[in-house]
Every structure is written in C-alpha cells, then in structure tokens.
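What follows is chain A paired twice: with chain B in the first complex and chain C in the second.
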Partner chain A sequence: MNPTAPPPRPRRRRGQRRRPVFAIAVTVVFFVLLYLPIAMVVLFSFNAQKSLTIFKGFSLRWYEAFFHDSVLLGSLGMSLEVSLVAMLGSVVLGVALALGLVRNKGRLGAYAGLIMMVPLITPEIVTGVASLLLFKGLGVTLNSGTVMIAEITFSISYVTVILRSRVAALNPEVEEAAMDLGATRWQALRLVTLPALLPAILASAVLIFALVFDDFVLAYFTTGVDPQPLAVRIYSAIRFGVEPTINAVGTLMLAGSITLIGLALAIPRLFGRRGGLDLISGE
Partner chain B sequence: MALRTPVRTERPAPAKNVGGRGRRPRPSAAGARIWTWLTLPGTVWMSVFFIASLLLVAAISFGTTDQLGDPRFGTDLGNLKALADPAYRDVMVRSLGYALLTSVICLLIAYPVAYAVALHAGRFKNALIAAIVVPFFANYLVRMYGWSVLLSDDGPVLQLLRAVGLADDHTKILNTGFGVIAGLVYGFVVFMIIPLYAAMERMDTALIEAGRDLYGGPLRTFLFVTVPATRQGAAAGMVLVFLPAMGDFVSAQFMGGPNQIMIGNLIQDKFFEGQDWPLGSALTMALMAVLLLAMFGYLRRTRKDEAEATR
Partner chain C sequence: MTPTTAPSAAPEAVPAVRLDHVGKEFNGSHAVHDLCLDIAPGEFFSLLGPSGCGKTTTLRMIGGFADPTEGAVLLSGEDVTSLPPNKRNVNTVFQSYALFDHLSVADNIAFGLKRKGVPKAEIRERVGAMVDLVQLGGMAERKPRTLSGGQRQRVALARALVNRPAVLLLDEPLAALDLKLRRQMQVELKQIQREVGITFVFVTHDQDEALTMSDRVAVMNGGRVEQCGTPEDVYERPESRFVAAFMGTSNLVGGVFRDGAVHLDGGPALPVGPRPGIAEGSAVDVSIRPEKIWLSDFEPGMPVVNGVIRETVYSGPTTTYLIELAPGVTVAALEQNTARARMEDRWAGGETVELAYDPEHALVLSH
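Presenting the complex of A and B:
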C-alpha cells in the first residue's frame, strides 16, 4: 500500500453533517445545570415544611407569609416605583440621546457617544461606589430618589444602544418628505420618526423595567435604610439566614422578569413587518 | 413594497427640483440645532451623575478620614500605598485569578454549546438561544442562591457525585475557590455564549465541510477551522465575562468563605462595615484600572485583527 496516500474515506453526502456528540452532550448538561437552581427555588417555594433541602408536600404557606409581610410588601412597592420612574426617565433621556447622537456629527455627538459607552464596561460596583460618593458629597439623604437617579444613569446607555442602530437604519428621506409637505422638524420627529421607533422604544422600556427591578448592586449602594428595594431585602435575607419566604419571593420575581423579557422579545415581532414601518426603517 | 428603500447611513444628495414649487432650503444651522438640544439632556445627566462621580472616586482615593470616619479630600498617598499591602495585594491577585479562570471555563463551556445550538439545532435554534438568555434576566441573587443550594454540602450535585463514587463525605464545593468560580461561571456564562453564537452563525459552514473534505477529523477541523473563524467572538466573550466577574462580590459571599473574598468584597467592606471610604475608593480605582487595561488590550487586538482582515 502506498503510505503517502491516505485511505479513501466514504464521502458523506453534501449537507449531511455528522452530529457532534460531544458538543450535544455538553449542551444537555449545560441546560440541566442552567435550569436546576431555578427549579429548586420554585420547588421549595411550595414546600409544606420549613426545610430547604427536603420536599415535604405542596403548600402555599410561604406565599401567604409574603403577602402578610408588611416589610417585604413595602419593598415590593418601592421596587415597582423605582423601576417605573427609572424606566420613564431613562427612556426619555435615552431616546433623545440616540436621536441626537446619530444626527449630531460634531464634537458634542462624539463626546456623547463616548460617555454613553463607559457605563456598559464599568462594573456595577464601581458605578455604585461612585453614585454613593456623589450623593454623600452633595449632602443628599439616601432614599428611593437616589436609587432612581442611579438607576436612570445606569439605564440610559442601554436605551441608547438599543435605539441607536434603529435610528441609524431610518431613512432620512421620509423625514425630509414630511418637511417638504410642510411639517416642522418637531412635527416630522413626532409624527414620522417616533412612531417608526415605537417597537424599539417599547421593547427597551420593558427591558429597563425588568433590569432595574432585578438590580441589586446599584440599589444596595444608593438606598436608604427603610424602605429598601426588594432585591436588597433578598440579599440580606439570604446572607443572614434564609427563610423559605425568600423562595416564594424569588419565584414571583422569576415569573415577573421572565414575563417581561418574553414581552420585550415579542414586541418587535408583534409590530411585525406590517404596516408602514418597514418603509421607514428600511430593514 | 415599491416604496421600500435600502438602508442609508448618509444623507442622500438633494433631489432635483422636479415640480414647479421650489424646494425649501436644506436644514440650516437652525434646523440642525434640534439634534444638539436632543443630545444635551442625556449628555449633561451622564456627565454629572456618571463621569463626575467617577472623578470624585478618584479624588477621594487621595483623601483621608476625619474622627467621625467621614471622608476628607486630601493629597494623601497612604491609600494607594496600602494597596501594596500583602493583605490587599493577595485579594487582588486572587480576584484576577478567579476572573481569568472564570473566563477560560466559560469559553470551554460556551464553545460546544454555541456550536451545537448555532449549527446543529435546526429549527429549534431560536427557541434554544432564547432559553439560554431568559434565565439570565431572572434575578441574579435568586439564581445564585439556587445554585448555592444545588452545590451545598448535602445538595443534589454532591449526593449524586457521592453515589457514583466521584466524591466522598469530605468533598466540598461551597466555601472553596472552586465554588466561587462555579458561581461566577453560572452568573456570566451567557455573555460568552451570545458573541460565540453570533460568530458561528456568521461563519461560512462550507469551511467546516472543506476541512472535513480535506480529511480533517472532527477535532482537527474544530481546532483549525471553527476556532480561528470565531476568534473575534471568543475575544469579545472573554472581555464580557471578565469585566463583571472581576467586580463581583456576591458569588464570593454566597459560594465562598472568608478565605475566598474578592476585591468587590473588600470594597463593600470599606464602604459598609469598615467605614474607610478613601481606602474603598482606592480599591475601586485599582479595580477600574485592571478593567481598563483589559478593555484596552481587547480593543488593540480587534483593531489589529481588522487591519489584517482588510489588508
């Protein structure tokens, strides 16, 4: 046999790729480990006993305990309030920034484009420390207002990043057509551009609400003592002795954020490629 | 549909004056001012609440504390010198090691997962990638807590390992360095999967087939075709995992013990328990410096890669 020629292999048909058994096995284990911790929390939130390791029958007692816990309910209210305000504030500032950034070719645009990227690469603990120092330096008392300001600061970049590519994809001719037809700049912006951006704006709003509601680090550094956001309460509860009530709160939070994220992913689809949207977005 | 126009990034040239009506003048300085007014509020907000506050951290790291423990501005180098103290230096080195190991482990997990999902999941591809992303948005603390229960001394994972003889009664995961890294990996692996998945989707799969046609085995084809083709996604993932892992303090608290604390825990301690804000600020600056270095290195690499690609 000629040693230089490799033995001929049976040629596989084109398009028929071999299944990568190893990669698929890793993927299966990955998915199991990804979901097991979440499943544990959900399962033990329905545990009839106080045990956190042995399941002793189904019960809703921890949910009942949560809905009778005025401290936790106060935290829930505060978290909802903070998320709502942070969502509105960061969407207004972030959308305006995205619009201005894309069209503003000058120095201001370049500076804005640079500083909005910095929060994305800064770890939250640094942002937290910086916000805390600023508030203390200004002599502000820490309360839900300081959490809101910090969360808005943290969220503007996300809104701007999501919106920026959408704004860049807009066809400026449509806006100009509106102005040729007698619309002012503001009218063109309000009646033509913003409706075209609506799906992306709504999706980013939902995303920010979920991110802020779940955020712990920034809230931890900027909150006052009472009330505290729900995530901060959960942190203290886990760190200093776990009550099964935490499993119930955790499960409710999981359900809430998964719903919101599903919504954020679905919104652009709901608007779909129907109507006049793709005329403008040019996608 | 006929109205559909391709994406334009630049302003098109003004159309010829077709009708009798004269075209209004191109947006003048007055018209362009609107973009400045739109940019300003967000820019001012970020400058005050983000940039200025970061500068404040830098300033306070040269400060001292008064008798009440409140921070005072100053030109004291004591805090920066304290960073070289073995107690702090060891923690910083450990954080660096944990974050790097976390990035590498995430890479090793993410490659097969991204590969299987991007190239072999068929019509379930989008559903699977959504199934990976969605739990990441679930509350970080709750997820980390569930993970710590799962890996606890008599949790399901160790029980299983004991049953098959891979662990004995003394094997521990929690309160070890491995536990902290396991927490960091669980927390941030999605940041590695997403860029790798995107890179694999963009990759020309004919390359893999060519590798096979040239008698490369699955492993060789993977190492010499798939990995180089997705190198940029991997580099992006490394940075995206490294940044949050380096600044994390929850994993070390939930999964580790007193001997596994990271720089984030030191910072938290200086601000909440130790009441030494200037030292906490100096530690924060040290953390930020490491991360900026990592970011800088990454940007330099990608720029070099791009330069090579366009040569």
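Presenting the complex of A and C:
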C-alpha cells in the first residue's frame, strides 16, 4: 500500500485483512483429498500400459477396449435405458404429486407432504433391501424392470421437492384465466401450467437421469444377473482385479455426469428466468 | 334492485347479468350476502366498495370461479350457476393480469380464439385488429415480461375482448398503475367499451374512477349492496351514512330533527325543510358536500349559519376551509379559487364567516 496515501477505510477492524492461511490450507487439503483419486482415474485411463501406478505415455487403448467389451456395453445400454425410463416415470409422477400437494390444502395434503419426504431421509441401503424383499416376496424375477421400479420410487421425492416450491409460486389466476378463455381443466394444465413449470421440470429430469445412472446401491439390490447396470458391473469387475478399462468407463461416466449437472444448472438461464434448480444452485 | 336508468337498453330487455339473491359463505361467515343485481346489456357497471367488502367474490361468482352458496347467477336470462368458467360467455381481466408468460403478446390474445377453433386466418385478423384497438402495434411478438405495467394491462384487456364476450368482468384492472397512466387508461377503457358495446362489470375501490367511468354504480359494504344507481344518484343522493361518507368528502354532522331543521348538539340549527320520511325528534345525520356550501354571493332564501374559520387549505384550483359551527362540530367548505383570486381576499384562521346552502343539498340520513 502507498504509505503517503491514507488508508481508504481507516475504521476497518483489526485482523480482517490478514490472509486466512489456515482456512486456505484446509481448503487445499480438502480439494486434494477429494479430487486426487478422481484425477488419477482420469489420468490412468489414458495410460499406454496396463500399470495402474506408473504413467507410460498417452493412449486411447482402454477406451477402445471398452467399446469392444460386449458385457460392459450391454451394461451401459441397460443403465441408459433404466435412467431414461426412471427419469420419465419419476418426472410424470413427481410433477403430478407436486401439483396435488400444493393444491390440496387439507389435512390429507399435509400428511402426504410429510410422507413424501421419507424416501429422502431413508438410508438408500434400507430402501434397497426393502425393495429386494418386496420383489422376492411377490415372486418377481429381478431384471431391468425391477431396477426401474425401484429407481422411480426413489426419485419421485426429488422431483416433487424441486417442483413443489415452483408450483406454489404460480399465480392461481393464470390457470383460471386459461379456463376463462375456454380451456378445460386439462387444457389449462397442459397449455399454461406445465409450460410455466418447464424449466424446473427439465432441470429435475436431467438431475434424475444423472442420479439414477450413477446409482449403485439400489441397482445392486434390485438387478438381475445379466445384464447388470454399469455401476454394478464395474463393482463386480473390480473384485476380480482392476482392469484399466474401468478407468476409461469411469472417466466417461464422470464426463457424462458433469455435462448433465451443468445442463441442469444452465436450463433456467437458457429460459431467461428463474425456475430450475434454485434448491441446488442456491440462487 | 332493478335498474331505474339503464342506458343503451330498453327497459324490458333481458338483463345481461342477473344476480338473484346470491350469497357466498366462507367458513361460516358471509363474504357476499343476499345480493340482487340486474345489469343491462351494454352497460358500464361498477362495483365499488372498501377492501374486503366482497367485490372480487361477486365477480368470481359471475365468472364461474366461485360457486354461490345461495341464489342463482343468470347470464342473458340463462341460469349458469352450475356451469364452469369455460362454458360461460364472459371473460375476465384479472387484477394480476394473469398473462401467459411463455407466450407472445399475439399468442396471449389468440388463446381464447384457438380454444374455440376459430379458423387461423380469422384469428390472425381479429388479433391484429385487437392489437391496434389497444394500441400495442409493434409489440405483438414480445413476451409479456418485457412490457410495462400499462402495456401488460392492455394485453390482458385485449386477450379478453377479442373473444367478444357478452360480458367483460374487470377486477381493479387499473389498481397497479400510477395515477397519470391510470387517468389515461380510464379514458381509453371507457372509449373501448363504447366502441365494442360489451357489458362491463368493473370492480374498483376508487370512487373517482367509479364516478367518471360508470353508467351505474353499486356501492358495496360488508357483502351487501348499500345503494345502486347512476353516479349522480350515489354521489348527490346517498341513501345511507356509509354511502355519503364513502363517496368523496362529506360533512356528516349528527343532531336531532325537529320543525324542519336539524339541531346540532350544543350548536345552531340547520334548516333543511320538511322531510316526510323522518320522524320528529329522531336522531339523524346531516350531510352537505363541501362544494355545496356557499361562503359569499348568497342567493335569496338560503339558510345562513355563522361559523369560525379554523383552517385554510390551499390546493391549487380550490381552497378548503374548515369551519367550526359549534364546539367540536366542524364542516369543510370548498371554494373555487376563481372567486377569490388574490391571497389577501382569502379568509384567515379565527375569522367569523357566514355560510349558506340550498336546503335541497342538505341530506338527512336517519340512523
């Protein structure tokens, strides 16, 4: 600072200008611990050799190996399919639930609102075991269908939590205006209410897709033997020794997830208004 | 209540809107109570009253957004009490405008016509004409969020009017606008109503607005209609203390009616002439509008009372004097500043003045 010029704000409290060295150190350590393993996975997915400890030059051979591995590709296909169906199913049901909860001001609505939160706080392993027991008890064969059902059940709450505040913020007169202009109840919903909720709906859809695609616990308990969702397949593969192919798969999944989450956060901005994942981005 | 003066409609015409002993109860208390109204086709009809008196509730029952708990709603003679809003030939301009934010101005206006399956070419033509009528030319492709308050208000109006409803319901459509824009929109709205000839039911809590725009006004209080008539009726001849007080400034003073005069408590008597409907010796209120009190150039035969100027309020074109007639009994008198152009001509506080009035302008309201 220039010694001849008076300090701009002389009444600043003592110590406020000192750099918080300790806090910075903790932050750095935190991020290193958090991201170093992930960085290693990405790095070694490009390793020219099979070694998982020494980097021996850049190559795409493990990506090539992945795209020739029919079992892993089958798992990828199944995961995409499960995520897509779970996304559609949970968005339809979650939006309907959010509309119902906001508009039912009675006691039933209040109780339903509380029960809706239960899946969010239940440990996922409990949900997984419970789903497995249910399917076994009903004598259902485990396959991609059972995974989809379990994932939908689990995801509805997320959609509803995201949508509920948006629905509550809607001006009820807008839907009335639509009916005033000749729309039926259903047309008013389709032509006015859902478009108004579209940013939030798209954002929650993308989020659910990403969550389900990455999900391991629930998928592990509810999947059949062949094919298995990608996360479960990777876990099984690792038990018989780590192939660098897994690093390539992990890197691809990471890239996909980052893209989706970025998309979910960007959607409200694309629409030029608030209404997406306020809950998550904290806007 | 039946309309006594229904402009632009033969007296025997079927009313555009009839409320037949309509009531609405919310959790045991009545928001609207035993309401009877006939609104003639082509009429500009206002519902006027303080906040919470049931104006919106009444309008919502006509539009079909609220079910009456008693009585019936008739539109052009047809009982529509149990019909949903989309089956009624009325449209609404909501207080919040309730525009569809994801649609352009043109698509907002076209919404109702599309629901009715009007051919595309006709929709384009009618929307275009409506955009011109409400002076939104060049904004048809904009989104409502990019418009100003007055422009949004016009979109809401156009969106309703384009359907050519038999009745247009407007819930305080100008309340959100600033004073200047509001005055301008009042004139425009009235002009548009004359042009399209649609019945307007207009809710407002602004008495000036109701007086300047309406053919008839219903003054509401506590869920009931206190008085219904032309603006002149309700302003010049209020039938209740509430209407007298609500419509503009009014001098309401209490006293006892005896021998053709109202004797103020501990003060002078105000001659009002014979009043057949008022019992001798009964407690009454007298109401005289400030502009009906004369301070000079009296006409022969006018009753004259003495008072002391307590306050002089200059407000541009007019000056208001607060004049004490008796301890605790003060009336306001309004004078055009044309009469007393110069400062030194105005009365000052403490001066004793004579005031006079036409007994016809002194309204006697029994308790």
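The rule we apply is simple: the second predicted complex is superposed on the first by the 252 of 283 C-alpha atoms of A that agree within 3 Å, B and C clash if a C-alpha of one lies under 4 Å from a C-alpha of the other, contacts with A are read in each partner's own complex, and residues count from 1 in each chain.
Keep in mind that, in the parts below, a contact is a pair of C-beta atoms (placed from the backbone, for glycine too) under 8 Å apart; a residue touches a chain by one contact, two chains touch by 3 or more.
None of these values were measured; they are calculated from a predicted model.
When chain B and chain C are set side by side, the one touching more residues of chain A is B.
In the superposition on chain A, contact is made by A:181 with chain C only, not with chain B. When both complexes are overlaid on chain A, the residue A:84 reaches neither chain B nor chain C. With both structures placed on the common chain, the touch criterion links A:173 to chain B and to chain C.
With both structures placed on the common chain, the touch criterion links A:195 to chain C but leaves chain B unconnected. Residue contacts after overlaying the shared chain place A:142 against neither chain B nor chain C. Residue overlap on chain A between its contacts with chain B in one complex and with chain C in the other: 171, 173, 179-180. Those residues of chain A lying in contact with chain C across their complex are 171, 173-174, 176-184, 187, 191-192, 195-196, 198, 273. Residue ranges on chain C touching chain A, taken from their complex, read 63, 65, 84-86, 90-92, 94-96, 98-102, 111-112, 115-116, 145, 159-160, 163. Within the complex, the chain B residues that touch chain A are 3-9, 11-12, 23-24, 27, 31-32, 34-43, 45-47, 49-54, 56-57, 60, 71, 109, 111-113, 115-117, 119-120, 130-135, 137-143, 145-147, 149-150, 152, 154-156, 186, 205, 208-209, 212-213, 215, 218, 243-244, 246-250, 253-254, 264, 267-268, 271, 277, 280-281, 284, 287-288, 291, 295.
Looking at the complex, you find that chain A touches chain B at residues 6, 9, 11-12, 14, 17-20, 22-24, 26-27, 30-31, 33-41, 44, 52-53, 93-94, 96-97, 99-101, 103-104, 106, 108-109, 111-112, 115-116, 118-119, 121-127, 129-134, 136-137, 149-150, 152-153, 156-157, 160, 168-169, 171-173, 179-180, 185-186, 189, 210-211, 214, 216-217, 221, 231, 234-235, 238-239, 242, 246, 250, 253-254, 257-258, 260-262, 265, 278-279, 282-283.
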